[in-house]
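Order of writing sets the chain letters: A, B, C, D, E and F. Residues in each chain are counted from 1.
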């Protein structure tokens, strides 16, 4: 499975906040790869944006990616 | 994807309790980034605050973030 | 976000059983922080205590916290 | 939160199979701690035993505990 | 809790593909231990095989076990 | 449980993007192993492609596999 264009350079970010922002991006990419049609995604987004369970689920996926990115950046500590 | 302002300095906290509080914050930020409208979030909150499944789901996201923060702080032990 | 009083000293417990009990506590605290009203929590509890899916979900959150606490205590082995 | 009696000695098991069996036990204990009434648990069990989603969810909790136990036992390899 | 017969030797597999196959097996065993009646499992299987949410949930459990098995096999790399 | 043919060489990828693509593949394989009938999978796909909760769940499974693959590739950093 190949995705088009270079959308992910690496997992290294200058700080935790930008690491969190990358986690949000990674959580969204899989949705885009599974549903490539942007019109359908826009329709779905208007629904799940007002669905508490879906919003919490999105937050859960971000948390899993953030754990990976934090580990890749050694938690942004020198240690 | 850039978030506005500096809302996350780093993952280092003085102790486990403040680490847990940071995990709660990180769990909420992704909801805020996915649903930027605070009025809608307030409406949603009044619903999911009384929904056991949603509350447990929130706790699950906090647990995933807490694992990351605890690891970043070496579990707040000298080792 | 600050919680009131000192409810979490650290993650170190004398053994695996007390580590598991701490995990149960950590799973519950996030629910308490998200729904501070104890009457509402009591109502919700009487519902989800008889809901198999919710009970399994609670067990899942405990499992995530237990993994963190076990790691913090080096799995209660000298190694 | 204290549980009664000694139900968990430690996480060390002689092999992977007994480690998996311990994971199944740990997944069930949290349900027992959340719903102490054995009659209610028996009623619930007769329902979720025939619910595919619930059975998969139980398997998910076992998987999380198994990861912890495998790590505690260094994956039952000398390394 | 003891399971009958030796169904799990260890977590070591010759390569990633056989590690993935072991993860699928481990995901299924917990369902079998929770619902020992094979006729009921067959009925359930004919239902969840056509349920997208259940199939994705199964994939999720496999992913958690695969993470454990990959770690046990040092990711099938000499390092 | 044996799958047919060699569909997974190893977990090593040249970069994070191809690691993410492998994670998407691994998330799909378990669905294929659980529901071998491609016609049924095609029917299911046309349903869950328009289901926000299912799309987020898929993203969650990808996140778990991506964590494993990133760890296997030492986060694509020399360290």
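Before moving on, here are some points about what is shown:
What we mean here is this: a residue touches a chain if its C-beta (ideal position, glycine included) is under 8 Å from a C-beta of that chain, and two chains touch if they have at least 3 such contacts.
Just so it is clear, the structure is predicted and the values come from calculations on it, not from any experiment.
Farthest chain from chain B, judged by C-alpha centroids: E. A separation of 27 Å divides the Cα centre of chain D from that of chain F. Chain centres here are Cα means. That of chain C falls 15 Å from that of chain D.
Of all residues in chain D, those touching 2 or more other chains are 27, 51, 53, 57-58, 60, 64, 67, 71, listed in ascending order. Chain contact topology: the protein chains form a single closed ring, every chain touching exactly two others. From chain D, with chain E next, the chains follow one another around the ring as D, E, F, A, B, C. Residues 1-3, 6-12, 26-31, 33-35, 40, 44-45, 47-48, 51, 53-54, 57-58, 60-61, 64-65, 67-68, 71-72, 74 of chain D are the ones that touch chain C when the two sit in their complex.
Residue ranges on chain F touching chain A, taken from their complex, read 15-17, 20-21, 24-25, 27, 49-53, 55-60, 62-64, 66-67, 70-71, 75-77, 79.
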